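Presented below are the structures under discussion, each in the form of structure tokens.
Same chain, two partners: chain A is paired with chain B first, then with chain C.
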Partner chain A sequence: MFDAFIQGLLIIFEWQTFLVMLLGIFLGFWVGLLPGLGGSTTLALMLPFIYKMTPVEAFAFLLGMHSVVATTGDITSVLFGVPGEGTTAATILDGHAMAKKGSAGRALGAALMSSLVGALIGALALALSIPVVRPLVLTFGSPELFMLAIVGIAFISSLSGQGGRALLRGFLAGLLGILFAMVGEDPQAGIQRFTFGQLYLWGGLDLVPVLVGLFAIPEIVDLAVRGTSIAGELPEGKLGKGVWEGVKDTFRHFWLTVRCSLIGTFIGIIPGLGGGVAQWISYGHAVQSARSAEERSGFGKGDVRGVLGPGAANNSKEGGALIPTIAFGVPGSSAMAILLGAFFLQGIMPGPDMLDKYLILTFSMVWTLVVANIITVAASLLFLNQLAKLTLIRGSILIPFILFLAFIGSYTSNNHLGDLIVFLFFGLLGYLMVRCHWPRAPLVLGFVLGKIAENNFYISTIRYGTSWLRRPVVLILMILTLVVIGYPFIRSRKRAVAAGAVT
Partner chain B sequence: MKTSINLRFLLALAAALAAGYALYASWHWPFRTALFPRVIGVPLLGLALFEMALSAFSSEKKPEGHAVDFALTTEVDPTLAHRRTLAIFTWTLGFLVLILLTGFPLAVPLFVFLYLKVVGREGWGLTLLLTAISWLFMEGLFNRLLHLPFPQGWLFSLFGY
Partner chain C sequence: MSLLWTRTRILPFVIFVLPWVILGFMSPSPSHGASYYEGKMVTIVVGYKPGGGYDRYARLLAKHLPKYLPGSPVVVIQNMPGGGSIIAANHIYAVAKPDGLTIGTFNNALVIAQLIKHEGAKFDITKFAWIGSVASDASVLAVRSELPYKSTDELRKAKEPVILGATGVADTSYIFPQFLKEFAGFNFKMVTGYSSSSDIMLAIERKEVDGRAGSYASLLPFIERGLVRPLIRSRVSAPGIEKLPIDENLATDAKGKAIMAVRTAPTLIYRPFVASPGTPAETMKMLRDAFARATRDKELLAEAEKAKMPIDYFGAEESLKVIHAVLNQTPEMVQEITKYMQFGE
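Take a look at the complex of A and B:
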């Protein structure tokens, strides 16, 4: 086993393999930066190029590309408030807020370093868990997936903010998100729900135009209203110094980064939850980690922990998602489904052979995740200071380009003009929500998890009747849901009691 | 008791209307199809009505509680902010109209040019340079390299190009 582990490392440094991996990293870097290009789409576009490659080269190329997409997607989210990838939207909330305060460098440093830590933990999980993951994945049937979605939805209580009115608006936003998730064909009977006779809506609302609209438009409006650069009227010298501060932040809050990485890995392992979920649950967890009400009120306004949590999770989930793909041929996400196609193109059947006949290849994948992320972060750190200076460009110059990226990013999700209408609708909704102090994160959480919850609820009741409610993991997850909902209340009560005791 | 109709009231009203429509539409669906929309629609309607009442009967000069989200700038004069908000929404909508009329490949450089010249009041050199960059990006990357299927603009369809 150890020999295979070392050989897996050495094999990716053979010049041909290393070269195609560098090419993959280069492509992934730009795919992540541009909102118009999705990681999954690019993986699919690159599949024909692997025919003439050896399996090690093919996976070094594809995984090298795919594993850095989320890392560089964070850069766009932080700098412009437009999600570079659908899986990097949560980074906007605090990352872009930091950029507006002149701390873009610090936010980028934190996003990149937490991404690297997340990728390393995801890769480590992949290396360690392949022999033992079978019982875990088999434990998670539809009842457990339903309850896991409910645990995620319960994070609305953390993402809503402080105070009764904030909680009310948080739940309103969350419920609206779940309602939006129901647009399209009912998964049970195929009946159209809320489609208004439009063929475009039959498949439901796509996540990308929803996220781009919800997050980009309010930021663009704010930038236009301020009439300054993203960073305002700050002196230029103030920007560049924060990159290393952001790197240090990752280690100052190391256990938070590790916990969020583990959340990402776990969500990646469970097929059917998808990358959009990991970042928001991690963000919710980061908010929960605040020790006081004052600390918590800083989230959404530029707290570095709001960057570290989703940054770590959206990279660690890749290692996690590879586990069921390699071990059973069960893809954990759309990108992994495409990667599964690459296995078949190379004549490899995922499953027990990956732990025996192709063990070196399996470990080469682990090392590709590690090396690709180290190269990307190292290369990015070299010119992050220059990137951060983009936030000093006048808003009137940036706005047409940000709008262009937002429009094209939304359009490319389905190549349909309907995407642009959805983008504008959610843009207006996002603006009104920000204006009326409704938090947007619960809406996204409800939207991402609503369909998962509904589908798995029906599968559970059809398959198990009501007996699924007594399954041990379901019961554990029910308790966890109560803990997630009750934790903020219990803690604020404790604090109130403690404050009363002091005075 | 003084009541007021403000933006918060209207947003809550929109949420209540969405919930009401969901409940009304689910009336004609089979039980399984209707279950989730009803389970979500009922509390959404209740909470939205409650928020409406709070927005109408109590003035909230400062936001009660902290939303985990950013806040729009308050440093700009409200009249100017209002005018700039309307302007940017008009430009955004205008971009959509341009895309529909002329198609993506032409709309992008045209929009960049018009925005830089009219709003940014930039010099001709910078405006033309940035317009050319946006055209190269659009045409080179999305049209030529990735072959994204951009629909033809309505104007071109109308004149039979």
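Take a look at the complex of A and C:
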């Protein structure tokens, strides 16, 4: 086992393998930056190129590309408020807020460093879990998946802000998100819900145009109204502390970064939760880690912890997502589904063989995740301070460029006019929500988890009646849900009691 | 000032526009010469997102078709997902020009959508300029190997309902066992709502469900691994499962048998390719020839085998024969089929 571990590392440093990995990283770098190009689409495009490669080369190439997409996607999110990938939208909330305050460099440093930590922890989890992966994945059936979705939705309570009114708004926004998740053909009766006779809506609303609209449009309007640069809130030409500060932040809040990485890995391991979920739950957890009410209200306005959480999770989930793909031949995400095609092309049958006959190949994948992220982060750190200067460019010059990215990014998800309508609709909604001080994160949480909750609830009930409610893991997750909901209240009460004791 | 004005007006032109104009003159004019496709670009519109079966077949062809089209055009893929590929079919039917430069591939079950008069379908499937189909696909029902059901009879006599996973009610994973339950007396219980067929495989592995029905090609890896055992197949078959009982033969009445036959028929032309209605006959001949020859190409076949994508080519005439057979139903029969079958994403 340990031999295979070392051999897996050595094998990716053979020069051909290393070279194709570098090529993959280079491609992934740009795919991540540009909102129009999604990670999984590019994987599909690259499949024909692996016919002539050996398995090790092929996976070094594909995983090298895939593993850096989430890393550089964070850069676009932070700088422009446009999600570079569907999986990097949560970084916008605090990352872009920091850029507006002139701390783009610090936010980028934090995003990249936490991405690296996340990737390393995800890879470590992949390596460690190889012996126990089968029972681990098999423990999570539909009832458990339903409860996991409920735990995720419960994070609304900490994402909503303080006070009864804010909480009410948060829950309403969450419900609205769940409602948006219901759009499309329902799998139980085949009924079209909220599709208004539009074929486009059959498959439901796409994550990318929804997120790009919800987050990019309010930022663009804001930038246009202010008439300054992105970092217009500070005296011209003086950016705050740079990239290194962000790198240090990662280690200042190291345990948060580690916890969020573990959340991401775990969500990646469980097939069926999807790539969009990890970042939002981690963001919820980061907010929850705030010690006081004042600290919590700082989230969304540029708290670096709001960058570290999702930054770590959206990278660590890739290591996690490889686990079910390798061990069962069952992909954990759409990108992994395409990767599965690559296994077949290479004549490899994912499944128990991967943990035995192809163990060296499996470990070489782990190492690819590690090495590709180290290279990307190291290369990016060199010029991040320069990138941060983009936030000093006058808004009127940047706006057409950002709008272009946002439109293209939305349109490429289905190549359909409907994408642009959805983008504009959610842009308007996002703008109204920002203006009226409604939180957007609960809406997204409801949206990404609504369908998972619905389908798994239905499957659980049809399959097990009510007996699924007594499954041990379900009970544990129920308790966890209560803890997640109650945590902010318990904490604030404790504070109040402590304050009372002092006076 | 005026000098600056002219300079700033001309410079962008020189940089951005002139090269294209020159390129335009340099590129061969497409109109003359016998090779219609020379210097042109052929677009294959795929009704699904990148990475799925329809997309993978289209990309495989895009790579090898240029060798067999006169003038070796570039062949590119355009994904146009939505409405269970009805959006793409509507596009090819009414929007794309009938010049043989845009062809499309869509769900083989669109013919059923037309039969049951689905409101989204704005086409007459018989009027497409058919190229043919590059693969057929058998549907099978497979259950976990460790279960005591070794034969169809044992399965039919199951006392406890056999639980089968499904994605949606319009999908083979639901319809295939539903017919067996309805018309052949099988004790099945379908659980729908899984997000993909691979999710169902995982549910089989963790014993949440006992099996699933679906495409033989997609179940094959799991059959080879010993996870599931195929027990019943559709009339359309595949190498290796010829001896399995056919669902139609298990039906206890003629109506059920006929409805099952309608469901199976389109899977014979599982990966159809068409051009817009009204495409000139000579262009169609080039396309049909190219498809027929590309699907015999050694390299293509080798790649397809590696990727576990079966290839069996059906020409335009054969494909249309299948289509007409499905559509040729009595009104009563259409009513029955509408009762039992839906079309969906």
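Convention: the second predicted complex is superposed on the first by the 495 of 503 C-alpha atoms of A that agree within 3 Å, B and C clash if a C-alpha of one lies under 4 Å from a C-alpha of the other, contacts with A are read in each partner's own complex, and residues count from 1 in each chain.
One rule holds for everything that comes next: a residue touches a chain if its C-beta (ideal position, glycine included) is under 8 Å from a C-beta of that chain, and two chains touch if they have at least 3 such contacts.
Please read these numbers as outputs of a predicted model, since none were measured by experiment.
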I'd like to know which partner A:202 touches here: chain B for first, chain C for second, both or neither. second
Could you look at A:160 and tell me whether it touches chain B, chain C, both or neither (first, second, both, neither)? first
More chain A residues in contact - chain B or chain C: B
Using the superposition on chain A described above, determine whether A:334 touches chain B (first), chain C (second), both, or neither. second
For A:389 in the superposed arrangement: first (chain B), second (chain C), both or neither? neither
Identify the partner contact of A:141: answer first if only chain B is touched, second if only chain C is, both if each is, neither if none is. second
Tell me the contact category for A:248 with respect to chain B and chain C: first, second, both or neither. neither
Could you look at A:471 and tell me whether it touches chain B, chain C, both or neither (first, second, both, neither)? neither
Report for A:40: first if it touches chain B alone, second if chain C alone, otherwise both or neither. second
Where does A:415 make contact in the superposed view: on chain B (first), on chain C (second), on both, or on neither? both
Which residues would you name on chain A as touching chain B in one complex and chain C in the other? 45, 188-189, 415, 454, 458
Sites on chain C touched by chain A in the complex: 49-51, 55-56, 59, 63, 78-84, 86-87, 90, 119-120, 163, 166-170, 189, 191-196, 198-199, 201-203, 205-206, 208-209, 221-222, 224-225, 303, 306-308, 342, 344-345
Okay, in this complex, where on chain A does chain B touch? 36-37, 45, 93, 96-97, 100, 158-172, 175-176, 178-179, 182, 186, 188-189, 191, 193-194, 217-222, 224-227, 287, 296-297, 299-301, 394, 396-397, 399-401, 403-404, 407-408, 411-412, 415, 417, 420, 424, 427-428, 432-441, 450, 454, 457-458
For the complex, give me every residue of chain B touching chain A. 7-8, 11-12, 15, 18-19, 21-22, 25, 29-30, 32-33, 36-37, 40-41, 43-44, 47-48, 50-51, 54, 60, 63-73, 75-76, 81, 84-85, 87-89, 91-93, 95-96, 99-100, 104, 108, 111-112, 115-116, 119-122, 126, 130, 134, 138, 142, 146, 148-149, 151
Chain A - residues contacting chain C, complex: 40-41, 43-45, 47-48, 51, 137-142, 184-185, 187-190, 197, 199-200, 202-203, 271-272, 324, 328-331, 334, 337-338, 340-341, 344-347, 349, 351-352, 414-416, 418, 454-456, 458-459, 462-463
